[in-house]
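Two complexes are shown next, each including subunit A; its partner changes from subunit B in the first to subunit C in the second.
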Partner chain A sequence: MSPRLLPYALILPVTLFLCVFFLYPFILVSQQAFGSADGWSLEHFRDVVSYWKFPISMQNTLLLAAAVVPVQLALSLLMATMVTRMQKGRDLVLYVWTIPLGISDLAAGIIWLAIFEQSGFLNSMMVGIGAIDSPMPFLSYQNPGIIFLAIALAEIWRATAIMLVILVAGIGLIPKEYYEAAEVFGASPWQRFLRVTLPLLRPSLQTALILRVVLAFEVFAVVVALGGSQFPVLMSEIYAYQFDLQNSGAAAALALIVLAISIVFTLVILRALRVPKGATI
Partner chain B sequence: MFTRVQMLGAAAALAVSAGDVAQADVLFWSTQARPAEEAQAMRDNVLDGFDGEVDFQPNEDGPWLTRLRAEIESGTGTIDVLGSLHGNFSAMNPDNLVDLGDMGVMAASETFNDLGRLGTDTLQYIPWMQATYLMAANREALQYLPEGADIDALSYDELIAWTANVEEATGEAKFGFPAGPDGLKHRFFQGYLYPSYTNGVVRTFASDAAVTAWEAFRELWEHTNPASTNYAFMQEQLLSGDAWIVFDHSSRLAQAFNERPDDFVAFPAPAGPEGRGFMPVLAGLAIPETAPDQDEAKALIEYLMKPEIQIETLRATGFFPVVNVEFPDDLPPSVQAAGAAISAMSGAPDANPGLLPAGLGEMGGDFNRVYVDTFERIILGGQDIRTVLDDQKGRLAEIMQETGAPCWAPDAPSDGACPVE
Partner chain C sequence: MRGDLQKDTNDMAEIQIKNVAKTFGAYQALHSIDLAIADQEFMVLLGASGCGKTTLLRIIAGLETASIGEVWIGGRRVDHLAPKDRGIAMVFQNYAVFPHLTVFENIGFGLRMAKMPNDEVKRRVERTASLMHIEQLLKRYSGELSGGQRQRVAVARALAMEPDVILMDEPLSNLDALLRLEMRAELKGVLAESKTTAIYVTHDQVEAMSLADRISVMHQGRIIQAASPIEVYRNPAAQFVAGFLGNPPMNFLRAEKAGDGKWNVAGETVDGPRGAEAPLQFAIRPEDMQIADQGLPAQVRLVEPLGAHLLVTCDVDGTMLRAVLDSDLSLKAGDHIKLAPQPDRVRWFDPETTKAVA
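Up next, the complex of A and B:
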């Protein structure tokens, strides 16, 4: 095969896969979203957007993403730098830190529910050490703040590792020479981190952030387990439309709205963290 | 190359034989008896006596519906028998179900058979088993019953006073209400609160009596465990002690009675100014048009409707028979407790039985949402009752107009769509 055609041949399987499992379903979903009894219409979108819970679920989703992603970014940067500095036991620590990745998000939600429940671990511990007299219902409709905090905690615990693994790989790619040069010029560790690691980590940061932000808009099982009916998010609304109301059109419309938000944020991140042309590691 | 052909041949042979096996088994696709122990009891004790192989597959509503829809849309199927709740069947197009009117088996109750016709002339699903919603309490709570109150004939006011007493004595709100996303709260409003206070569900949705009903519920909510918005199966909170007095579906309370029969009591739902409203749960059996072996499917349904098999089903699932049977003495504790409470409820002088919503077709979910939204706005959101009811009323009227569903009990009958007054 001619070398000119080889790359195309190599990406062919992936392209086919994406066409069959992404593009084709995407077209079907769009048809459902824009379809109605009499041809094309925006009826489903109107229905979905005018529902009183839509602004609340939109706000909850965005707030959660805004609270969780920056913390995760900072944490994963810190953890990645720590791991790369380790001489011994690096793999072991990495494995342990990535365990939450292997747990399904519903399971993660249930684990955290077992902690925060009225008869959960946190309560029995606090009663045990005498901090409170009787178990308190933390996850109650009266404390929306605690519910939010619990969900954010569970999300941070569950999904920081996905950024971590990307950043660890990225840091590993930065040539040692830059650090040596910086040290020669007397840069402090903090300066080295700011001036060497961060800029050279851009491509990895981009990937990690896009993945994480898109996943943050799809948050579902953890929220349902911990927030109950107190914390509607976009995904739980999609679920309600599809299964409680059996209204696939509205579910598809809402799914497209989530897709649109994800695309906008992806573009913003791509733009903000773009690597200047010609600049490589 | 030769080996590859051989392997392909072997794979093809395997695929064919797997297909044969699948055809020999009757696929029983159910939303009921989902918990592992119930499913196992269905297989071991209920279905093993059937003359033929049954593949019993219980599933969540979502996957259940998704596969069924896919089979109906493609026109070829593998599912032989469907087992699900009235609500799931009523959301389907009756044309996709085999007419079962000529089978000669049906429920003893004509009301149930009428529900099974789904608005057509003939049975679309055969009523299979029934349950209802009940109250249950931890025995420790009984000492706080208001003076003079009879637990088998409570009123809503007495229930509120009782929960208030418990809170005063223990310092904790211990009424438990399944207000989580998977909780069956909408059935409480449709079948219990509204009928008890307004003697209606749709007609009286925004009446003055409804305002009183919501005021009472708001009072009850003050003594409700605030974590209730996470609750779905009240047996869990009964067992953990987080709630002492609860309302739920009888099969969602069963585990508590079976694990610790001496600790809990079941009792009828409370009564309001318009009587003791309550509502049945009805599960049915149907055959999709795409079923590969309709004769075998019908044989399975006939088998499941036999009185002795209905008793076995009761043991396995906690759902009561829909045909006339003689109850044996050795039923599980949950069944005994629920049975006694149900007969006290239906035999009460002020009983005001309602029916499941009917004729709503695929708008059943939208109908439930009206009640859930009303609850979330009034109780959780603290909005003004009158304003919310007037607002939600419009949505309810739209649904009734769109589906043309006539009123069902306890609403007075209507010509055409049930009006929201």
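Up next, the complex of A and C:
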């Protein structure tokens, strides 16, 4: 085969795969979202947006993302810096920290449910040490704050490692000489982090943040396990439209809204963390 | 313009390294180094890779901690101080010009860290940039610069600090040959002008000879000889130095005692040291021999015309010896010639201790 055609031949399988399993379903979903009895319309979008649960599920999703992602960013940066500095046992620590990645999000939700529910570990422990007299219903509708906190904790536990892995790889790409130069020219460890690590880590931060923010808008199983119907989010609403209400047009419309939000945030992150031409490592 | 780069002359920046040693695990990288470098001196640490020269430089910089020993700069003990408190600046082998900062911010990096006011930063950056001829590049990023331009930024960044001591770790080794020659001359001029004490690490003997006030030749974690370039070249203190410097290096022949102050070299009797008894190494530089009626009997094995002269490899009593001879000579492999060493250029080494014998 001619060398000019070879690259196209090599990307053909993955292109086909994406067309069949991504592009084609996407077109179907769009058709459902914009379709109606009499041709194209925005009817499903109007229905979805005007439903009383839409604002609250949107608010919950955004609040959760706003609470979880910054904490995860800070934590993963801290953990990545620590791992990078380690001389020995680095791989072991990295494996242990990434274990939650190997657990499905529903299983993770159930693990944290086992901690927070009325007969769970937390209650048994607190009763055991005499902090409270009888088990408390942490996750009941009377404690929306605790439900939010439990979901946020579970999400942080479950999904920080995905950012960690990306950032560890990114920090590994920064040549050591930059840190030595910064040190010789008077930068303190904190200044070296702010003035060398962070700016040189921008490409990895972009990837990690986009991945994490998009996943945060798709949060579902953990929320369902811990909050049930007490804490509606966008994804649980899509589920409800599709399976409880059997309204696949509305489900598709809401799915496209989530996609639009994800695209907007991706563009914002790309713009905010862009690296000027000529300023790459 | 250039004059104001001179630092305060009261501020003496002599360096003393006292009994410094460094071990990495079981590996002894430096053995008890003692070295004094005078204020404003240009000292080159010369040696093959792995000889410990970079480790020594990094210990002076504070990027590495000595296992034992002391480092003094300007009469102040600094080995317990952070690099920024030692009055040093450094030029790194791979330049370490920050890719995310413009040339201006790179040169001003240390000044910003020292919380210098903006107008002073601007003044110093512009001055050192014009000194290094990169004033037109101040707004660029390092990705838009050539290797030589990055090198200039790295030197300007160090000079902008107006340090007592400037440390350079093989700063020219990543440049191509022509650029290296140009930067070498420029570095020498700029550093002499700034009256800064300089320590320069290199494995390139030509670079060392051309830049240094003094060269410290290092080998296996020790300083073998610290002296002026011409002294190191003419009077090597040890056989290692003689063989390391010079291209081609010094020739060595075995010499047997043949009487008081007389030595037998390849069947010829040569005047030599009086004290020694055991066999010595007779040593002569390739350019210090010429063809004569009397001299070491040699059979030509290889003739390499180098334009200005001939590089002739001959067999002298079973040892290969190289001579740099006049290019007008017509020599060919197999010719029998006599090579007369210039008597005042002959050196002697003890094969046991490898040290020079007077």
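By definition in this document, the second predicted complex is superposed on the first by the 268 of 281 C-alpha atoms of A that agree within 3 Å, B and C clash if a C-alpha of one lies under 4 Å from a C-alpha of the other, contacts with A are read in each partner's own complex, and residues count from 1 in each chain.
Basically, contacts are C-beta pairs under 8 Å (C-beta built on N, C-alpha and C of every residue); 3 or more make two chains touch, one makes a residue touch a chain.
Worth saying up front: this structure is predicted, and the values here are computed from it rather than measured.
*Asks:* Do subunit B and subunit C fit side by side on subunit A in the superposed arrangement, or is it a clash?
*Replies:* Taken together on subunit A, subunit C would fit alongside subunit B, as the superposition shows.
*Asks:* Check the residue A:123 against both partner chains and state whether it touches subunit B (first), subunit C (second), both, or neither.
*Replies:* After superposing on A, A:123 lies clear of both subunit B and subunit C.
*Asks:* Give one of first, second, both or neither to describe whether A:236 is in contact with subunit B, with subunit C, with both, or with none.
*Replies:* In the superposed model, A:236 contacts subunit B only, not subunit C.
*Asks:* For A:76, using the defined touch cut-off, is the partner it touches subunit B, subunit C, both, or neither? Pick first, second, both or neither.
*Replies:* Neither: A:76 stays clear of subunit B and subunit C.
*Asks:* For A:206, is the partner it touches subunit B (first), subunit C (second), both, or none of the two (neither)?
*Replies:* Once the two structures are laid over each other on A, A:206 reaches no partner at all.
*Asks:* How many degrees, to the nearest 10, separate the directions from subunit A's C-alpha centre towards those of subunit B and subunit C?
*Replies:* 160
*Asks:* Looking at the overlay, does A:275 come into contact with subunit B only (first), subunit C only (second), both, or neither?
*Replies:* In the superposed model, A:275 contacts subunit C only, not subunit B.
*Asks:* Report for A:32: first if it touches subunit B alone, second if subunit C alone, otherwise both or neither.
*Replies:* Touch partners of A:32: none, neither subunit B nor subunit C.
*Asks:* In the superposed arrangement, does A:183 touch subunit B (first), subunit C (second), both or neither?
*Replies:* Touch partner of A:183: subunit C, not subunit B.
*Asks:* Looking at the superposed set of three chains, what is the minimum CA distance between subunit B and subunit C in Å?
*Replies:* Here the least C-alpha separation of subunit B and subunit C stands at 50 Å.
*Asks:* Quick check on my understanding: which residues of subunit A belong to both its subunit B contact set and its subunit C contact set?
*Replies:* Residues common to the subunit A contacts of subunit C and of subunit B do not exist here, since the sets are disjoint.
*Asks:* Once bound in the complex, which stretches of subunit A touch subunit B?
*Replies:* 52-53, 113, 117-119, 134-135, 137-143, 224, 226-230, 236, 240, 242-247
*Asks:* Write out the stretch or stretches of subunit A touching subunit C in their complex.
*Replies:* Answer in residue numbers: 175, 177-178, 180-187, 191, 196, 199-200, 202, 275-281.
*Asks:* Where on subunit C does subunit A make contact in their complex?
*Replies:* Per the stated touch rule, the residues are 61-63, 82-84, 88-90, 92-94, 96, 98-101, 109-110, 113-114, 140-144, 157, 161.
*Asks:* Quick check on the complex: what are the subunit B residues that touch subunit A?
*Replies:* 61-62, 65, 91, 171-172, 179-181, 183, 225-231, 240-242, 362, 365-366, 368-369, 372-373, 376-377, 380
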